[in-house]
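Please go over the structures that come below.
In what comes next, chain A is part of two complexes: it sits with chain B in the first one and with chain C in the second one.
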Partner chain A sequence: MKAYLTYFKLKFISGLQYRAAAWAGIATQFFFGFVYIMVYIAFYDSGGSNLPMQLSEVVTYLWLNQAFLALVNQFSRDQELFKLIKEGGISYELARPKDLYFMWYFKIIGQRLANVTLRFIPLIIVTALLPYPFHFGLPSSFSHFLLFLLSLGMGTLLVTALSVLYPIITLLTMNEKGIVNLIITLADILSGIVVPIPFFPIFLQKISSFLPFQYISDLPFRIYVGNVSIENGLFGVVIQFIWVVLLILFGHFLMKKNLRRVVVQGG
Partner chain B sequence: MKAVEDISFSIDKGEIVGYIGPNGAGKSTTIKILSGILIPDSGQCRIANMTPWKNRTKYVKNIGVVFGQRSQLWWDIPAEDTFDLLKDIYEIPEEEYQATKEDLIQRLNLQDIINIPVRQLSLGQRMRCEIAASLLHNPDILFLDEPTIGLDAVSKQLVRDFIKKLNREKHTTILLTSHDMSDITSLAKRIILIGKGKVLYDGSLKKLQNRYETEKYVFLKTNDTLNIRHKGIKQKTKNKEGYDLVIDTRLLSISDLLNIVSKKITIDDVEIDHEDIDNIIVKLYEDYKI
Partner chain C sequence: MKIYFKSLGMHLKGELEYRVNFILSFLSQILVFFTYYFVILALFTKFDHIKGFTLYEVLFCFSIIQFGFSFNEVFARGVDRFDNLIIQGGFDRLLLRPQNIVLQVLCSDSDFVKASRLIQAIIVMIIALCHLTIPWNFMRVFTVLLMLLSSCVIFFGIFLMAASYCFFTVQGLEVRNVFTDGGKHMAQYPIGVFTKGFVLFFTFVIPYAFVNYYPLLYVLGRTDNLLYAFSPLLVLFYLIPCVLVFYWGMKRYASVGS
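Showing the complex of A and B:
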């Protein structure tokens, strides 16, 4: 276990070195945050009825989305792992007396936490000072806030379990585009990063509830704004946990299977 | 397509074996199989009483691998931080780790480079750190896949001396691939030559040299004029200071040659050169059509 934590630590520490990239990311996220919010304001102003969330909830949700994007999105893939596979550096990792799946799992989680650590605080502080309607609101209650933290932690484990699947698939395809891109695009849409899940048509909400993606960030963010009750939130955390276990088991199995057929490039 | 086929050999404890062959012969593939990275479709392999790909996690604790063309060091951080990571990965006890690390730092002369981010190191400095990283857990068996590729003469010599000493003092079994034949000649007594995925020669390097080294180059320094015709003298050219001869040693030994010549002329000096090992390898590849 210690070795995996060291992987996490090293990746976290080296990830913190990329501060310039983080500032650029923060600027982008402010920009996209404002654009999204203005779209929703126009939408609410045009007098839609039966809307599933209040505008202030949506605004806070969207800022959470931007603040934690580096943690919960799937499109920013860990380039190092893909490089390792495509250029053959994976040889060294395979020659280690540890489980490759968990080495990668802890690398990815370390990278994601480093990225989000550099980004979320300035975004939260600035948006909390903005006037209505751009104001980032407080959690709906203290217990909602605690449940939000728990659920976001679970969501982090979940998004990592999904992200580690992409390099595992690449072991066979030798290309991180193609099928992997297709899955990632669908996954990001279904996770509520583009449009919050409550705005989905009913049938898509049904489908989505049977998939793991909405449990990454949509659930914790809706708990924060109070769109989900404490009981439903706790139930959601249980589902998150089940998905985490299932995906880790599946990823572990898939990696073992793919390693039997792996082609180590070059040399 | 088969990368390697019918490759059979056994290596004794404490041996250094040079594993050679042209590009694409299957050297790296073999090393990857031996180090548990690749799983062959068929065949057997026993190393230290284990099958590499079956008891992988247990097996790899006992081996060290250096891939000259890859890096195991983390790019953004000093080599020493990677060493610490490896300590945890191989579960090396703290005291043993410190002792081994100190020893490797001394032997590979790493004092001044171990605290610099790896991306700032030269290739020679990096390779020394790579080798140290592969040996922190004191493996009994070491696989070196082109460990001197791209290194300058000084670094090469340092790496070679280090490997030689390691083998002598710790009896580490070493399998070495290299395209630099001087690596092989200075380190390995035995070589295994493979081509097109098959073993073509397995035996002592000396024997191979004798088989192919049928020509010697003799320079005679003299002021006299030499008129000589003898079987075995393949070529005779006069230059400013004397004569260059090419001798086929199967027909005429060097001592016979000197005997004959010294009766005819006064020799001021003699230089004897044997065939370059690289030429031998080229001939060998030609003979085997690989």
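Showing the complex of A and C:
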């Protein structure tokens, strides 16, 4: 366990060095947050029937999305791992007397936590000071806030378990573009990064509830804004936990299977 | 011009060498860009209109922007990926050749996989136009063509501007996305739905409004003012500062060495 935590620390500390990149990221996310919110404001101004969320809820949701984007998104992949696979560095990894799956798992989680640590605080502070309608709101209650923290933690474990799968699939396909890109695109839509899940057409909401993606960030963010009751939120956290366990078991199994057929590139 | 088409053909041949990969990427791109349309489709299941514009009007508006953007991604990929030329020092090589520098940059790369997005934009535009009841006449058709043209022109200008950024620094390149992707995201809706500040910004600073808002009003019959119909032509003037900035940056260019 200690060795894995060292991997985590290593990635976390080196990730914290990229401060200039983080500022650029914050600026970009701030702007995009604004743009998305403007669109929703225009829609809400035009009126609609039985809307699933109030405007202030949507605004806070979108800011949370931007603030924690580095943690919860699928599209930023760990290029280092793909490079290992494509250029043969994986042979060194295999020589190490540790479980490769968990080595990668802790690397990814360290990287993601480092990226988000640099980004979310300035974004939240600035947006909390903005006037209505751009204002980033407080959590709907203290218990909602605690549940949000728990659920976001689970979401982090979940997104990591999914992210490890992509290099594992690449072990077999040798190309991270085709199938992996398809999965990532679907995952990003279904995790609510593009549009919050309650705005989906009903049939897609149904499909999505059987998949792990909406439990990454949509659930914690909706708990925060109070769109999900405490009871449903707790139930959601249990589902998150089940998905984390299932995906880690699956990833571990798939890695073992794929490693039997791995081809080392380069010399 | 002949050189450009020749290099385009070479890039296409190069890409087709990896045929399976090309087809798979082509298909996956279609899905990737479907996400953009998905936002609009999803929101319109809950809302009937956005400030008076209906689903198909917005889709039409958006497809114009997507068309111009992906047109440049395919045919002006070299400008889009200009940072590569600078970072790897390839730009020095281009400077040595006795040819127009912008032309050479254009020839340096192209990406036919992105053609999937171009085709998608055209299909969406046709679907949208079929669902709209527009009293077609010669002037309206002409305006739509002008919109398509100006969309290609504006993104070429923006790409060129973004490329000039690389002459000064190659750090924080994602800041450029604010102007390309961010502006593009807003311009997918008729600009008029936003607050006045944004309308002015997208009229006078980055003139998206001339591409798909003012002419859109004419095509949809919201106004009969012919100035609105010809407004896409103004975008041509936008090219002038973009080209000037590029040449100005080039004067300040210091090679990265190697």
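Throughout what follows, the second predicted complex is superposed on the first by the 267 of 267 C-alpha atoms of A that agree within 3 Å, B and C clash if a C-alpha of one lies under 4 Å from a C-alpha of the other, contacts with A are read in each partner's own complex, and residues count from 1 in each chain.
Rule of thumb we're sticking to: a contact is a pair of C-beta atoms (placed from the backbone, for glycine too) under 8 Å apart; a residue touches a chain by one contact, two chains touch by 3 or more.
Computed from a predicted structure; not experimentally measured.
Contact comparison for chain A: of chain B and chain C, C touches the greater number of residues. In the superposition on chain A, A:Gln17 makes contact with chain B only, not with chain C. In the overlay built on the shared chain, the residue A:Pro52 is in contact with chain C alone; chain B does not reach it.
In the superposed model, A:Tyr92 lies in contact with chain B only, and not with chain C.
Of the two partner chains placed by superposition, only chain C is touched by A:Val39; chain B is not. In the superposed model, A:Ile189 lies in contact with chain C only, and not with chain B. Legend: residue contacts after superposition of the two complexes on their common chain; A:Arg260 is shown touching chain B, with no touch to chain C. By the touch criterion defined above, A:Thr173 lies against neither chain B nor chain C after alignment on the C-alpha atoms of chain A.
Counting contacts by the rule stated earlier, no residue of chain A appears in both its interface with chain B and its interface with chain C.
Within the complex, the chain A residues that touch chain C are 20-21, 23-25, 27-28, 31-32, 35-36, 38-39, 42-43, 45-49, 51-52, 175, 177-178, 181-182, 185-186, 188-189, 194-195, 199-201, 204. Contact residues on chain A toward chain B in their complex (touch as defined above): 2-3, 6-7, 10, 13-14, 17, 87-89, 91-92, 94-99, 259-260, 262, 264, 266-267.
On the chain C side of its complex with chain A, the touching residues are 21, 24-25, 28, 31-32, 35, 38-39, 42-43, 45-52, 171-172, 174-175, 177-178, 182, 185-186, 189, 193-195, 198. On the side of chain B, the complex with chain A involves touching residues 28, 32, 35-39, 56-58, 60-61, 63, 65, 67, 69-72, 74, 76-77, 81, 84-85, 88-91, 145.
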